[in-house]
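After this come two complexes, each holding subunit A, first together with subunit B and then together with subunit C.
For the complex of A and B:
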């Protein structure tokens, strides 16, 4: 599997994402935001967490205009796989790769804690390592994680089984407890929780390990 | 632009005494210019010169085989084996945080992170020790929410996990809150960068954000008491930009890789002045600066303003000229300013030019070496009266009172606003003793703690100073770590008062004795004096930040007990209630002496815990609130009930030192008792972790109910 992790100025979970991908055997390239092209033959592009461009203007809004994001859009349009975590999810919505928007948390405060989630579908490379309906605990850390979509989009997401994760204890006011959503072709996932922070048993929580194993198993031949 | 003429008022406003001004005249043999006056005031204020504290700081043990770099550089450095080192320091941002809580706290975090990455280390952990006034004081709530948001706003964006800290409330902090920020970073021991310039004619390079007028006079402000003009001081508080700091760190570390850096210094207090003088002075060189080349974000800035600005996220570097292009390319990549603003010179001069004029021409070495040093009169703190009878109370009532008090309730409301897990190496998040992070890519871990009990220090500065170190030692030990070294952040009132100076002298004595006995030398630190408002001083608060090493994951002791496990206390219980949390919270009495600290017992009991780590499921030190509070916290964290056999107040709530609460399976408990007997370490079985009730003696309450109280009381009191 060949993976690329995008680095914006202000990204701060880029290394963590690369570590988690390398741990399942991925060949990972870090890609600078000024690069107009992704490396050849990349299977998966990961947009990491952090505060791209300081979260100034609006979270993910400036990053969505970067040269590399244009390359990401082309990658996705070609049917490539992409993952956006936390700020990466915000970038994917700002770039309109995924529907909806991430508003400020309902509690108006930054929240960092381990959050119980339900895996809603196993029908994606990201969630195939889990059984649908299984409950896992994954860290969250965000100020703008309140996922918001209009009613039509919501019913489409639900009808197409595109809600990947739901919060069991909604920490941010997200519509319908949504923690992560898939694109129409199920090849792009955006999620607020950080599976890369729960991928190593030495840290006391390995509920995210199956997430990366699932990706690796799906893309190992690719 | 014409500089103002120097008047007595202007000199006083710069915090310089008539004697100090007379010695300036003596040193330069003429009247200083306005810019020069500003430079002297920046270098000679208490914050930068340590003029009241230096004499006593020199007595602290700072050496040991583990120490790579002690006090005097941006941060201390300690060997952690395998060619790696940990770089750390704690620093106060008290005065600015009281004036402007969000920015004051944010830039406190920014400053300490810069101190760490200036030395070539990537920051990997942060802590914050916060002291506020009583919850009912009209300023407390806004200070708490502003400071916590500021700490989080900066650290979260920068991307360093906050793994520990303290939050306390006391009326003594009504007029002066304390914000003590700690940061630690990792560096390869052969890639450390220092501040001493070398080589004549080398370019002096300005890096990072542009210079504005924010923070002009900040260090002088931080060296004065507060009065009713405090609101006027808001413009002296700097404004932080963590996004720029993050880029500055990445660019600086990348720049260091190019080999272009001869020496480097961050611009903190007194900005350009302090950093340039420091680099020149340590290298035995002069510095010439041309201020026209300083990147500026405001128009018509004067030399005075540029030399005293405390704009954040800036660095000064001496560069290898042949590598200028490579260095510039790194900063252009990160969209940061890179400007050659001067050069090193052979003569002992600090020469400042602006718009074709010489604005300052001072003997550089004299600026720091001749800074005043005072042997302030001091009087020892009088021996505290003996504690008169304390009535027995229902243990559950006592526990309820403690966990309803925001100083002892869960701090979840605070640390959930901090990113505790970024970098994906956090092994233990805040809330349960010391925080732990793994050394990236290794099996080693580092434990971090920050401790002081100001109630003790005010009653008995010497024992209180010892206790702060001893508690830090125990918190590290309880994780299985071997304590390595210490940073001290000494917060006191006005040193010109002999009683306050006496607190300072006593605390230093206690800290010195303890760090020597426990082999955790002081490698960095900071002194914050004049924490007074209208003559009322804070409690003496010498915050001790300490770092310990856990050599392999096998040596780590967990924090989570299991149902059915035995509860044992290691160390002697006498039942000392003087200055205890219970006495203060339940009886509203600040009476008696601080508990005595037996450093031999601390060492012996700590070594015992480490040597027997394999038997222990969970361990915590006993401190505020004694056995009752520690046992409750341990039970609460695991969601398992606790039965304590004792029901008398001194046994349950006494705050005797050198003690740990240990949980282990029943058969391991026997092994541990045998080992303790052999080691001559006191150990007592005190009860069992089981069920869903908290039971002490004959009284009990459901764990779930107490847990709700414990987790909701902080927000209920101060939000």
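For the complex of A and C:
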């Protein structure tokens, strides 16, 4: 499996993401935001958490216009896999790769804690390591995680089984408790919680390990 | 030449900052504030000849996220 982790100025979860992907055997390349092309043969592109471009204008808005994001859009249009975590999710919505938007948390506060989630579907490479309906605990750390989507899109997301994760205790006001959503072809996932921060028993929580194992099993076999 | 772009959350999108400001005004004794919406103003210094259509394109592509925000462009001033 070949993976790329995009690095924007202000990304700060990029190395954690690379560690988690390498732990399941991925050949990981870090890609700077000014690069106009992704490395050849990349299966999965990960957009990490952080504060790309200082969260100026709107979280993810400036990153969504960068050269590497245009390459990411082409990768996704070709049917490539992509994962956006936290700020990465914000970038994917700003780039209109995923629907909806992430607004400021309803409580106005930055929330940093471990959040219980329900895995809503096992029908994706990201969630196939879990049984649908299983409950896991994954860290969250964000100020703009309040997922907002119009009613029509929401019913489409629900009807097509594209809600990947829901919060059991909604920390941010997200519509319908949504913590992560899949693209129409189920190959792109955006989520606010950080599975890479819970992918190793040494971190005190390995609930995210099955997330990366699932990706590796799917993409090594591919 | 200057253009002023006003970006607001769309009606119907919850504005928690506006709600917090409204609540603060109420607790300070300012009665009769029925609603507060908070947005942002972006001033652009533009080369002569820049058209309103170009500024609108800037809004659509970057300055506003039209999923959640509306915008208004005022040219000149």
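Everything that follows uses one rule, which is that the second predicted complex is superposed on the first by the 221 of 222 C-alpha atoms of A that agree within 3 Å, B and C clash if a C-alpha of one lies under 4 Å from a C-alpha of the other, contacts with A are read in each partner's own complex, and residues count from 1 in each chain.
Simple rule for what comes next: contacts are C-beta pairs under 8 Å (C-beta built on N, C-alpha and C of every residue); 3 or more make two chains touch, one makes a residue touch a chain.
Not measured: the values here are computed from a predicted model.
J.: Of the two partners subunit B and subunit C, indicate the one touching more residues belonging to subunit A.
T.: The partner that reaches more residues of subunit A in the superposed model: B.
J.: Between subunit B (first) and subunit C (second), which, if any, makes contact with A:103: first, second, both or neither?
T.: A:103 sits against subunit C, while subunit B stays out of touch.
J.: Considering only touches as defined above, state whether A:19 meets subunit B (first), subunit C (second), both or neither.
T.: first
J.: Touch test for A:212: subunit B only (first), subunit C only (second), both, or neither?
T.: Neither partner.
J.: Give one of first, second, both or neither to describe whether A:89 is in contact with subunit B, with subunit C, with both, or with none.
T.: neither
J.: Can A:58 be said to touch subunit B (first), subunit C (second), both, or neither?
T.: After superposition on chain A, A:58 lies in contact with subunit C alone.
J.: Per the contact definition in the header, classify A:81: touching subunit B only (first), subunit C only (second), both, or neither.
T.: After superposing on A, A:81 lies clear of both subunit B and subunit C.
J.: Figure out whether A:165 sits in contact with subunit B (first) or subunit C (second), or with both, or with neither.
T.: neither
J.: Need the overlap of the two footprints on subunit A, from subunit B and from subunit C, as residue ranges.
T.: none
J.: Along subunit C, where are the residues that touch subunit A in the complex?
T.: 9, 13-14, 16-17, 20, 61-63, 65, 67-68
J.: Can you list the subunit B residues touching subunit A in their complex?
T.: Contacts found on subunit B: 149, 152-153, 156-159, 241-244, 246-247, 250, 333-335, 415-428, 438, 553.
J.: Considering the complex alone, what residue numbers of subunit A touch subunit C?
T.: Those in contact with subunit C are residues 57-58, 61-62, 65, 93-94, 99-101, 103-108, 146, 148, 150, 173.
J.: Touching subunit B in the complex: which residues of subunit A?
T.: Those residues of subunit A that touch subunit B are 9-10, 12-13, 15-16, 19-20, 32, 49-51, 53-56, 109-113, 139, 141, 143, 194, 196-197, 199-200, 202-204.
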